[in-house]
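Several structures are given next for inspection.
What follows is subunit A paired twice: with subunit B in the first complex and subunit C in the second.
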Partner chain A sequence: MRRNNPKRELWFAWYTTVIFYNFYFIVFFPVTHAQPPPHPYWSDALVANWFGHNHHGLIIGFGIIFAVAGLTAPQNALIAYSMRRMSVSRVFAWSYLVLYSVAAIPGLLLLCVALSVGALRPARDPAQLHWLYDFGLLSFTGTMGLFLIGSLVWMLAILLDKNRVLPKWFGYLNLCNALTEVVIAPAWIFHAGVFSWNGLISWWVDIVVFGIYTGAFLTQLRKLIQREDFGDGPLPELTKPHRAGASLAGTAP
Partner chain B sequence: MTEIAEAGPPPGADRQPAEAAGKPARHIPGQPDMWVLVLFEALVFTAYFAVYLYHRSAYSGLFLRSQASLSPWLGTLDTLLLLTSSMFMLRCVQAARAGAFRSAMANAHLTGAMGAAFLASKITEWFLLVHGGHTFTSNQFFMYYFFLTGIHLLHLLIGFIILGVIIYQLRGPRRRSLELVETCATYWHTVDLLWVLIFSLLYVVR
Partner chain C sequence: MKRADGEKILFWTLPVTAVIWVSAFFLFPGFTHPMSPSMTAAQVAAFYRDPGNLSRIRASMILFNWFAPALIPLLMLIVAQVRRMAHRTPILSYCLVACSAGGPAIFLVADLFWLLAAFQPARDPQLTVMFNDLAWMTFTTAVPFLIAQSLFIALAIYLDRPDRLVFRRWVALFNIVVAVALVPAAFTGLALSGPMAWNGLLPFWVKNIAIAAWIVVMSVVIGQNLYQRADGQAQPAAAEAVPA
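For the complex of A and B:
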């Protein structure tokens, strides 16, 4: 059956990704104040106070995340799709899908669960709240191995690809992003300073790299959809946009 | 991708039309995309160095005392090893450009040997420091020392993979992409440059 706009599903996945990252930023930064992460060296009393101070933000914010966390699936699928469009083995796309599906647990959900429990059980012993606080934030910042390998898988696919699906420089940018996943590892050791989970190097430098990387991959995936011809050879370069009303298929919204 | 034939005109001659017109050609070695990585990593390391220097000025006494525990001879040896490796890499690229693949392969292997010697020297230095009671968590200086040398060593390990790509390219007559050889060489020189900066900051600057 002929489809009217074969790119519609791809645009759906792309906009879903953009919407998810908007939710992510709003919830994690201004609503819950889970990012930038609060201090790792706080005492039990200060941690309990933090939970009390952010009570409503944590419940509302992570409630939203629990509702929309599944939006990461179309994003992962779109990235896997980019690898399926390349002249490389399907092993790359499948590996990426599996890695990032698992990565959502330590890289997103554990933090939300642990901090939500802390917010919803304020009468618990402050030492237990502190344990939840450490567990949530360490699982979030310290389990980057899955993201490291995922970035390397995408990088390798891009560098081996002959269909010019994504530019080689973006492949190399994946390596830069992967290296930041190593830099965050000392957060398990240090309670204060530049390598703690909210440190100047472990968090601030890494978040700048991640921000640039996220902006780059959203832009490149957008271009990929614009260029997609649904063939299996080299992806054509972008031509000048058609005049309005000329055709719906293949045009960027 | 520029493929190098076993015989015929010098490799890369076909990509310099400006030279044929009597103008000096402007040529970026390798894939221009690799320079994104080089510039991006340079920016990231600049951030690391800025943070290091800030803390160095804040704890100058501690940093000076701790710095005295480092062996300047091992640091100098490391630097010489990597600079020599870069020289062999340069000769490898020049040989590949001239179509002298046997020489290019030999220089690629020598580059790897120098890199391996650097790796051995660095691990020896780490062992000696840890044996002497200086670890990642000992103090601010050693925290930066192990971080900067560690992240650099990670770049070097990636460099070994890149060297493998060069050797793979040079070994097969059908492959021999000069562009890839130059791209990989760009990465290797970047690792070298980063070490020179790290050596200056950790061992030399007082």
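For the complex of A and C:
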């Protein structure tokens, strides 16, 4: 990234997002085996066996997540920025930024802590290992509202926008993503079947929708950055260089 | 006359809260001699059942619960400084806002687990060990947003206008060093003893000293900017007053 590239901050956020999803996929699928999630109906002994079997993967994999989870911030920043380019109130951008930033704690880090604690002492009482397993996987799967409301905020911004920053079909795809947070709710109730946390609907359908959604928003954000026209001239001079909160770009709030 | 925007008041809350943080740190008996992850269940239970320890655990964790979120105004003061940098978009200030809730909020989760362990010290020692493990693992691995925000600050300085830097270059370098110092803590689950255990050299001493140094250094550079800015504002105001 050239230092003088006028889109440097936007490309930084986009590439960081791609890098984070690569870490996420590698850690959650092949390294920790936390995805696809193991069964919710397992006995204490099977859960204890799972922790013992995945000890190193869980500790190293989630160690990587603890080191890089902050890279989710540029994604939230870039999506918030997309809303700042729209003909809607800045309230949309700020809402999304806060919703998805908070979501990282119950929706990602609690799982990593709970399963790391389980892996730390695989000889722990199996009933306690089972509690940690439920705590981790349910906090990850069952954190719904932050993603639900966040997706709906982005959807509404896209549908109201007159600047055509993102296509309307992508607005409706946000609704599909929001609905995955609705169909996951029965995972708090069922231990087996299509609505359990690794069931056909609650996991497999949702992961397909999430995969398509993620691919679509990465593509759309990339197009947004390519279309941006900041020119390549010098940065605007600040009329009052020391004024707090002085806007440098037309997009700054 | 210079307009008071309140940033200096927020800034001067920091030394006060820093005294409280340091006091709470030394008040918690599990920090002064960091508890080893290799302690037996009986030893962990005895730690929480000791009446002398129990009152100190509760008092220190209640103090942290009250005042750990006071770090957020410091982070917002940094956001305000990044907003003054020569960037074309608010991406990096948004990144810092996104990180700011994470660090203190994860710390508060650890705080809850410590208080839970202390709430019923007579419970099964195995359960006390689990709460103690949850507290220590949450506390020690609570570095992702601290690492990221240090890197974002470094990048923000790198992308700032070289001839009129809001923060000097060494602040960027310092933030990168802090980010690197925090990384080993993410992998503390690897060992129950030695330099990588949660009471070991890297995840405990290096991490906590790096965080303390970061708070002190960033507070000083923010304070310098706030007071320089106030001086800068005073002069044009005086000049305007002459023709009037």
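We take it that the second predicted complex is superposed on the first by the 226 of 253 C-alpha atoms of A that agree within 3 Å, B and C clash if a C-alpha of one lies under 4 Å from a C-alpha of the other, contacts with A are read in each partner's own complex, and residues count from 1 in each chain.
By definition in this document, a contact is a pair of C-beta atoms (placed from the backbone, for glycine too) under 8 Å apart; a residue touches a chain by one contact, two chains touch by 3 or more.
This one's a predicted model, so the numbers in the text were calculated from it and none came from an experiment.
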{"item": "Subunit B versus subunit C as contact partner of A:Leu175, first or second or both or neither", "value": "first"}
{"item": "Larger contact residue set on subunit A - subunit B or subunit C", "value": "C"}
{"item": "First (subunit B), second (subunit C), both or neither touched by A:Val91", "value": "neither"}
{"item": "Touched partner set for A:Glu9, first subunit B, second subunit C, both or neither", "value": "second"}
{"item": "First, second, both or neither for A:Ala45, with subunit B first and subunit C second", "value": "neither"}
{"item": "Contacts of A:Ala73 with subunit B and subunit C, given as first, second, both or neither", "value": "second"}
{"item": "Subunit B versus subunit C as contact partner of A:Ile26, first or second or both or neither", "value": "neither"}
{"item": "First, second, both or neither for A:Val209, with subunit B first and subunit C second", "value": "first"}
{"item": "Contact footprint of subunit C on subunit A as seen in their complex", "value": "3, 6-10, 12-13, 58-60, 62-74, 76-78, 80-81, 84, 97-98, 100-102, 104-105, 109-110, 112-114, 116-117, 119-121, 124-125, 128, 131-132, 230, 235, 240-246, 248-249, 251-253"}
{"item": "Complex contact set, residues of subunit A against subunit B", "value": "167-169, 171-173, 175-176, 179-180, 182-183, 186, 189-190, 193-195, 200-201, 205, 208-209"}
{"item": "Subunit A-facing residues of subunit C, complex", "value": "5, 7, 37, 80, 83-92, 94-99, 101-102, 105-106, 109, 126-127, 129-130, 133-134, 137-138, 141, 143-149, 151-152, 155, 158-159, 161, 164, 183, 185-190, 192, 228-229, 232-233, 236"}
{"item": "Interface residues, subunit B side, partner subunit A - complex", "value": "31-34, 36-37, 40-41, 44, 47-48, 51, 55, 136-137, 140, 143, 147, 151, 154-155, 158"}
